[in-house]
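Next come two complexes built around chain A: one with chain B, the other with chain C.
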Partner chain A sequence: MPLFGSKTPKNPPEVVRALKEALTSLERSDKKAEKAQEDISKCLSQMKTMLYGSSDSDPPTDIVVSQLSQECYNTNLLLLLISNLHRIDFEGKKDVSQIFNNILRRQIGIRTPTVEYLCTKPEILYTLITGYEQPDVALHCGTMLRECARHEALTRIVLNSKLFYNFFKYVEVSTFDIASDAFSTFKELLTKHKGLCAEFLENNYDEVFGDYEKLLNSDNYVTRRQSLKLLGELLLDRHNFNVMKRYISNPDNLKLMMTMLKEKSRNIQFEAFHVFKVFVANPDKPRPILEILLRNQDKLVEFLTRFHTDRTEDEQFNDEKAYLIKQIKELRPLPPE
Partner chain B sequence: MNSGPSLDKLNLENPKDYHIEGLLDTIWDGRGKVVSAQHIPSKTSFAIKIFDLEKCSEDLDLIQHEAKTLRELRHPNICAISISLSFGQEAWLLLPHYHCSAASILTHFPVGLPELALALIARDVLLGLQYLHSRCIIHRAVQSRHILIADTGRCALSGLRHSIEHRVGSSEGDTLHEYPRYPVPLLNWASPEMLHQDLRGYSYSSDVYSLGLTVCELANAEQPYEGYQPTLMMVEKLKGRVPFLVDASKPLPDESGDETTSGGSHGSSGGLNMNAGTDDFADKRNAWRDRIFTASAHEFLRKTLALEAFRRPSVPQLLASDAFIKQARKAANPSVLDYLQHHKRLPFVTDNPAVRAAAAADDLSGQFSTVDIDDTSWEFEAS
Partner chain C sequence: MSTLNNRQRTSYADIPRLAALKETRPERRHSLAAAIEGADNNIRQNVLRRRASADKTSTASQIYQAVARRITPGLLPPGSPGTYRRKSSTAELTAALALLGRSKDTKMAEADKPWPNVKDDYEIKDLIGVGATAYVHKALCIPRNEMCAIKKINLEKWNTSMEELLKEIQAMSLCHHENVVTYYTSFVVQDELWLILKLLGGGSLLDIIKHRAKSPDAKHGVIDEVVIATVLKEVLKGLEYFHNNGQIHRDIKAGNILLGEDGVVQIADFGVSAWLSTGGDLSREKSRHTFVGTPCWMAPEVMEQVSGYDFKADIWSFGITAIEMVTGTAPYHKYPPMKVLMLTLQNDPPTIDTNAQEKDQYKNYGRGIRKMIADCLQKDPTRRPTATELLKHQFFKKAKDKKFLQQILLQGGPSLDDRVSKQNSRGPGASGRLHRTQSGDWVWSDDETEPQQQHDDSGSLSSWDNGTNNASKDADSLKTESSSNNTSGASTQMSGSSNGPSSAGASNVLASLPGPQYVAADQLAALHLQSGISAQGGPPSLGAHGEAYMAPAANPGGGGGEPVELVLRVRNQRRELNDIRFEYCVGRDTSTGVASELVAAGLVDGRDLVCIAASLERIMEKPSVGTSETFALSSGCPPTEVPDEYSLIGFAQLTITD
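== the complex of A and B ==
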C-alpha cells in the first residue's frame, strides 16, 4: 500500500468514469469547461500509462489493459472520445489517438476484441471518416482510421459505407498535409486487403471509377499526381485483373492517359506512361482501343522515342518503352467491320 | 514571432491572400526556397517554405511527412508550421519569421561563440528535444543550421524532415536502424551508433550526441570533422575521437606537431582543418589560446559525446542537473541575441523594413542564384 493515498493511480473503471464525466461536461460547455479540460488531460495520461507504461513505473500488466479495454467497450467511451475530439486540447488529441490505436492492437490469442467491438459500433468508424472535415482533428482521425484499415473486417465496413466516397472530396482539399493524409488512408483502404479490395472495386466499378476520373482531372496537382500513380498500382496488381480488363477496354480511359502523357508536368507524364503501357501491352485489345492506337501509330512511335530520354539509369522503364514502341509499330490495320 | 493561438482563428487557406516579399534562402539543392511573405487580410508576416513538387519526383512523401509531423507539434522551441497549402505544383509550409539561424551567427563570430551563448542555445535545443522525445520523435539532424533564433532570442529546432517516429510496439529499449533518406549533410553530426548500423541500433541518445557536436561547432566555429572523408570520420567516431572546446586549457598543438595521431589532438573540428596554416587560422588559434571555458562546459561535451549511448545523460537529466546548462537559467538576460550583441557590437540586425523592401524589389521569377541573399541569413535546411 502506498503511503500517500492521493497519489495512488486510480483503477481503470474509475479513470474511465472520471473521463466520461469530464467529457460530458465539456460537451455541454458549461462553466466547468476549463476544469473538465484539465481532468481530461489527467485521465488520458493515466490511461496512457496503463497501456504503455512509463519510464518510472512498471510495464503495463495484461489485467489492467484488459480491464481498461473492457471498460471502454461497456461505457461506449471510444465513441464519446472521438465525437468530442475537436473539443479536447492539442496534446490531448494526440493522446486519444495513441490510446485508441493501442486498444485496437490488443490481441488475445488470434482474437482481436477491439475489432470485434468496433464491428458492432460502426458509428465510431463513420465519425472517424467525417473527422477529415475538421482541420484540427483530421490527422488524428487519419491515424486512427489507418490503424483500423489494418483489419479486414473494419476495412469492409468502411468500403461498404456511403461515407467512403467522401474520400474523393477529402483528398482534394487545398490544405496540403490534410489532403496528403486523406490520400494515404484512401490508398490503404484500397490496397491493403487484396481480395476484399478487388471484390469491392469489381462490384462498385462504375461508382468508384466515375469518381476516380474526377481525381485524375483535379485542379489540385498533388491529387492528380498521386491518384494517377495509385491507378497504375491498382491496375497492375494481379488481384485486380478483372478491374484492369474492364478499365483498359474503355477508349475514354485511353484518351485520358494519352492526354496526360503530354501534360506539362514530367512527373504526371511519367505516371501516365505506367497506365498507358497496360493498354498497349494488352494482347487482346478491343476494337475501339486498337482504332485509337492505329490512328496515332506514327505519332505515338515518334512521341515515345523522344519520351523521357534522359532516364538512362532506369532500365525497366527503357525496356518497357522499347517494348511499347515495338508493339505499336507492329500494329496491323484492322479489317473493315 | 507570429505563432500563437490567435492564428487559429485566421483563415490562412487561400494562397492568393499572400504577398511574397522576398527570397530568404534556397533549400534542398534547389528543390525549394524560403520566402518572406505577408498574409494581406490579417497583415501577418510569415516565412513560407515552398517546395517545387515537380522537382521532388521521388520525395513527395518526405515533404508530406514534414508537413504532417510539424502540424502535430506545438512547442516554443520547435519551429512548427501554422498551415500547409497546395498551390499549383508547389507545397507551401507557413512558418513564423525567425531572425537567423545559429549557423549564420557564426559569420559574425569567426572564432566561436562565448560560453553563455552556447549554454543558452543548448538549453533551448534541449527543451525542444525533450518535447520531441516525449512525442516519440527522434530528430536525427541536430546541427547549427537547424537551430533558428527568433527576435526574442528564443531558439527553435527546425529540420524535422529528417526526423523519425520511434514507436516500436510499446516496449522500451527498442532501437531504430533506419537511415535518413538524405544522410549526407547530416553525417558529420550523426552519432556513432547511427553510423555503425549494427544490431544495437540507435535511439533518443543519438540526438544528445549530435547536440554535443553542435555545441562544439558553435564554440569553435568549425563544423565537426570538417574536411574528413566520411569513412575516416566514421572510424574516428567509432574510436571515440571527438572534437573538443579549444581554449587555454586544451590548446591545439603547434602546427609542426603531429596533428593526425589521435583524435584528441585534432582540435576543434576533430578534423584536419582545411585552413590550417593560413593567416586567418593563425589568428583563430591565438584567439582560442586566449579564452577559457569552464570545467562544466568541457564536462558537458565529455558526457554528451560518450561513445556508448547508454553512458550519455538523457535530455531530462541534462536539463535538470547539468552545470553547463544551469548557467542559462541563471543568466541575467536570457536572450542569446541580446547577449551576443552586448558581447560584441554586432552588425547583424537585418530584420529592418529597408532590407525587406529591398528584398521585395527582387524579381523572384528569375533565377534564384542571381538573387542577392546576403542581407538575410537564413539556413533552414541542410543543403
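== the complex of A and C ==
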C-alpha cells in the first residue's frame, strides 16, 4: 500500500494489484491490518463500480469489464479473495460474492470465459464448498456456488469431487439459514443439469442413497421434510428413470416410506405419499415389494381412504390416491415360490 | 415434455402473505404419470386435460385475488404466516425498562459468546406478539445473559415453500445496520423455526401513533414535526442501506418500524423483501413483477403490475408513512382494498390534508414536511428521490438524536402503573388456545397441566406389517391411528375445554393490562373487503370496524358487569375443531364488536361475521352458564362434506361456560 499512498488506483490492473497487496498483508495479519481492511473495501467498491456502474458514473464499458476479468484470471485473484473471505469485513464479503457472480456471468458470444477459467482452477470450487464450515462466510460461499451450479461444466467438477458428500453434513448444521442454504445448493447440484445428474446418481447410487437415507431419518424436522420432498422430485424426474427403478425395487425403501406416511407432520405424510405412490404404481413390482403390499393390503386401503381427505381441491392428488387404492385392492396373492 | 407433466400444486395452500404474492413461483410436482411408464393412462390424460384448462385470468382479477389473499384473515386458517403485531406497548416498555439495568452490567463479560442454537439456552418470557403462524416471545439467552426476542414460526402451518422462508432470513442476516432489525441466529425446534432477534422494547411506531391518537390534542396532528423528522431520518438511513444492498423492503409502514428503549429506530419484517439488481448486476432481476405490500401504503406502479417496480416503491410507502404519523392513519384507510387501488391510481397523490375533516386541521405542519411528502408521492417513480437524496432534504434538518426519541418515548409512553403480567411460556409444538383477555387482546396460552402432545410413536414400523414372516394382521391398530392422526389437534383441545374454565386455564390468561387493542390495519382493511363484497363497500360497514377498534379501549372492570366466559367451537380451515375462548363484558362489548375481533384475529371466516354476531346477541340476552346454541355458518362447508349440526360441519356452537 505504501506504493499508492493516498492515490486511488484507477484502472483495472491497478485495482487488482492494490487489492492483491492488501489481501496479502491481511493474510499475514501484520500490523497494518486495519489499513489493509480499508484498502480492500475501497478496491472492492471500485471493482463493483467498474462492473455495475453507479448512479453518478457512466454505465460499465465492455473494455473495462473484460480487462478486469482478465486481470482476475491472470493474478489468481478470485482464489485469493475466496480463501481470505473470512478475513474481509461484513460489507466486503457481500461485495466479493457480487463481483464473483458478475464476472462468472460474463459472456462473449456463446463462450463463458470465467467458466473456462474456473475449470482450470477447481480449487476455487473446493474452497467454496468448504466455506460452509465457516458460519461467517457460509451464505456468501453458497451464493457463489449456486451461481457456479448454473454451469454444467462446473457442476460436473463439484459432483465428481469427494467434497460433494460434505453436503450431507452441511444440510444438517444447527443454524437454520446455513443448513437450508446448503440444502438449496445441494438441490441445485442434483437437479439443474438433468443428464449429468442422472448419470451421477446412477454411477454413485449406493454411496449417495446410503447417505441420503440418513437425511430421511434425521432428527431435524426441516431436514426430514426437505430431503423427502427432494427425493420425490428426483425419483419422478423421467431422466432418473433407472435410479427410480432401482430405488423402488428395494423393500427397505418401501418400509421407510410407509413409516413416513404415518409421521405426525402432515407435510411429511404428504411428501411420503408422493414417493410411496411410485412403489405401488410400478407395473412390474419385484416379489419382496409385492409381499409387503399384500401383507398390508387391507390396512393400506383403509389408511389411504382416510388419508388427507380434506385435500379436496387437489384433483391430481385425489386421482392418484384413488388409483393407488384401486391398485392395492386388485393385488392378487402371489403363487408360492 | 417435462414441463407438460409438471403441474402447479394448488392443493390447499391457503396462501398467506408470501405465497399469495409470489404467485409467479408456483411449486411444481412431477406427476406420477410422467414417471411410471405403463401406468394407467387416465392419470396422464387427466393431468394434461387439466393443464389445458388452467388459463390465465385477467389482470384485474389477479389484482383482486392478490389483495383478497393478502389481507383477508377470513380466508386464512388461524395459523397462517403474517405480520406479528405486538399486543400492547405497555407491558413491553415497562418490562424492558426493568430489565435494562440488569442486562447492562453483565453484558460485557458474556457478549462475545456466540448466540446458541439450542432451545434450552433460552428462557422464554412474555409473549410480545402474535402473528398468524408466528409467536414472538421475549426471552433471556442464558449463556450470554442477554435479552432477545424469539420469533417462533410454525413450519407445519407455513404453507409457503421453505425457500421463501430462507430468503427472508438471508435478507436479514445479510444486513448489519443500526436501522435494520438485528438478526442473531435461527434454528429448528421440533416443527418450529426459532429466529433469535434483537429485542426492541419500545414497540412499533404504530403502537406509539395509536397511543398518542387517544389524546385530545391529537386531532390537529398525532406526532409533531420534530419527532417525525427524527424517526423518519433513521428509517431513511435503514432504507438507504437496504437499497444499496440491492433489496426492496416492499412493506414500509408504521407497523413495521420498531423502536428500542434507547431510542433506536429499526426497520423490521422482511417478510416480503426482495432482491433486485441495479446496473450491471446480471445475476438478479432488474425489476419485480409481484404484487406485494399493504394496499394503503402501496405505490401505484406496484398496483398496476405493468412495468414492474424498483426501490422507488419503498419511497412511496415512506411518504404514506409520513402522512400516517401526522394524521394517525394512512390516507385511504377507511376504504376496502379495491377502492384503495382505484383511489390511488385515479386521484392525485394524497397529502396530509386528504383525510382532514375540517379546514386547516393540520395547519401546524409546515411547508417542509408537505414538500417532502409530495416529493415521495409522485406517481412517476423516476421522479421520486432516492433514500440518499431524501436524506439531504431540508425537512430532515429538524431531526434530533436518539436521546431525544428516548425521552419522547418515555414521556409519551403508556403510564408505568400498569401491572406487568404473569409470565407465560409456550413449549415448542405445544397445543394451546387463544384467549381474549379483559383488555381485549387475543393471547395464546397453553395449559401447563395439559400433557405434552404425545409423540406419535405408533407411527413406527411396528404398526405396518413389514416383518418378513410376521403374518398377523392387526387391522384395528391402523384404524385408530389414522383417525387419531387426523383429529389429534381437536381432541386435545376438546379435552381441555371439557374441564371448563379450569384454574390452570384462567391463570394462564396472560395480561390483564388496560390498554388499547390494535387491530392490524390490514386486517381491518380485510373486514372492509368482506363488507365491500356484500354491501358495496364504504360507510355501511364502518360501524362494526369502529367498534372493533374502539371498544376494548374502555376501562376494564369499569362500565360493565361481570365478564361472561364463552366458548365458540368451530372448525378451522384444516377442518379441525377448535375451541375459541373469550369473555364478553356486558356494557363494554357489543356482539358485532366481538365478532369483528374474531374475524380480525383470523380465528373465524369473515363470511361468518354476521351469524356469529347474531348468535352472540341471542345468547347474551339471557346469559346463564351452560346455555349453548348451535347455528349455521354462512361460510358453509367444502363441497365434499355434508353439513351436519351434530359434528359441527357447516355449523358452529357457542356456549357460556362460566
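Methods note: the second predicted complex is superposed on the first by the 328 of 337 C-alpha atoms of A that agree within 3 Å, B and C clash if a C-alpha of one lies under 4 Å from a C-alpha of the other, contacts with A are read in each partner's own complex, and residues count from 1 in each chain.
Rule of thumb we're sticking to: contacts are C-beta pairs under 8 Å (C-beta built on N, C-alpha and C of every residue); 3 or more make two chains touch, one makes a residue touch a chain.
The shown structure was predicted, so the numbers you read here are calculated from the model rather than taken from an experiment.
Trainee: Record, for the superposition on chain A, whether partners chain B and chain C clash or fit.
Mentor: clash
Trainee: State whether A:D314 touches chain B only (first), chain C only (second), both chains, or neither.
Mentor: second
Trainee: For A:L139, decide between first (touching chain B), second (touching chain C), both and neither.
Mentor: The answer is both, since A:L139 touches chain B and chain C.
Trainee: One more residue to check, A:D62. First (chain B), second (chain C), both or neither?
Mentor: neither
Trainee: Have a look at where A:R295 lands relative to chain B and chain C in the superposition and call it first, second, both or neither.
Mentor: Second partner only, chain C.
Trainee: Name the contact category of A:E330: first (chain B only), second (chain C only), both, or neither.
Mentor: Neither partner.
Trainee: For the overlaid complexes, name the partner, chain B or chain C, with more touching residues on chain A.
Mentor: C
Trainee: Would you sort A:E34 into first (chain B), second (chain C), both or neither based on which partner it touches?
Mentor: Neither chain B nor chain C is touched by A:E34.
Trainee: Under the contact definition given at the top, report the residues of chain A touching chain B in one complex and chain C in the other.
Mentor: 51-53, 55, 59-60, 90-91, 94, 102, 139, 174-177, 180-181, 184, 220-222, 225-226, 265-267
Trainee: Chain B touches which residues of chain A in the complex?
Mentor: Counting only chain A, the residues touching chain B are 51-53, 55, 59-60, 90-91, 94, 102, 136, 139, 174-177, 179-181, 184, 220-222, 225-226, 265-267, 270.
Trainee: Residues of chain C touching chain A in their complex?
Mentor: Per the stated touch rule, the residues are 1-2, 7, 9-12, 29-32, 34-40, 42-43, 46-47, 50, 117-118, 155-156, 162-163, 165-166, 169-170, 173-174, 176, 185-188, 190-191, 193, 245, 278-283, 386, 455-456, 458-461, 463-466, 468, 471, 473, 475, 478-479, 481-483, 485-486, 488, 574-575, 638-640.
Trainee: Of all residues in chain A, which touch chain C in the complex?
Mentor: Those residues of chain A that touch chain C are 51-55, 59-60, 65, 90-91, 94, 98, 101-102, 105, 139, 147, 174-177, 180-181, 184, 220-222, 225-226, 232-233, 235-238, 241, 244, 255, 258-259, 262-267, 269, 274, 277-278, 281-283, 291-292, 295-296, 298-299, 302-303, 306-307, 309-317, 319-320, 323.
Trainee: Contact residues on chain B for chain A in the complex?
Mentor: Residue list for chain B touching chain A: 8, 13-15, 53-54, 57, 60, 64, 67-68, 71-72, 74, 83-89, 91-93, 135, 170-172.
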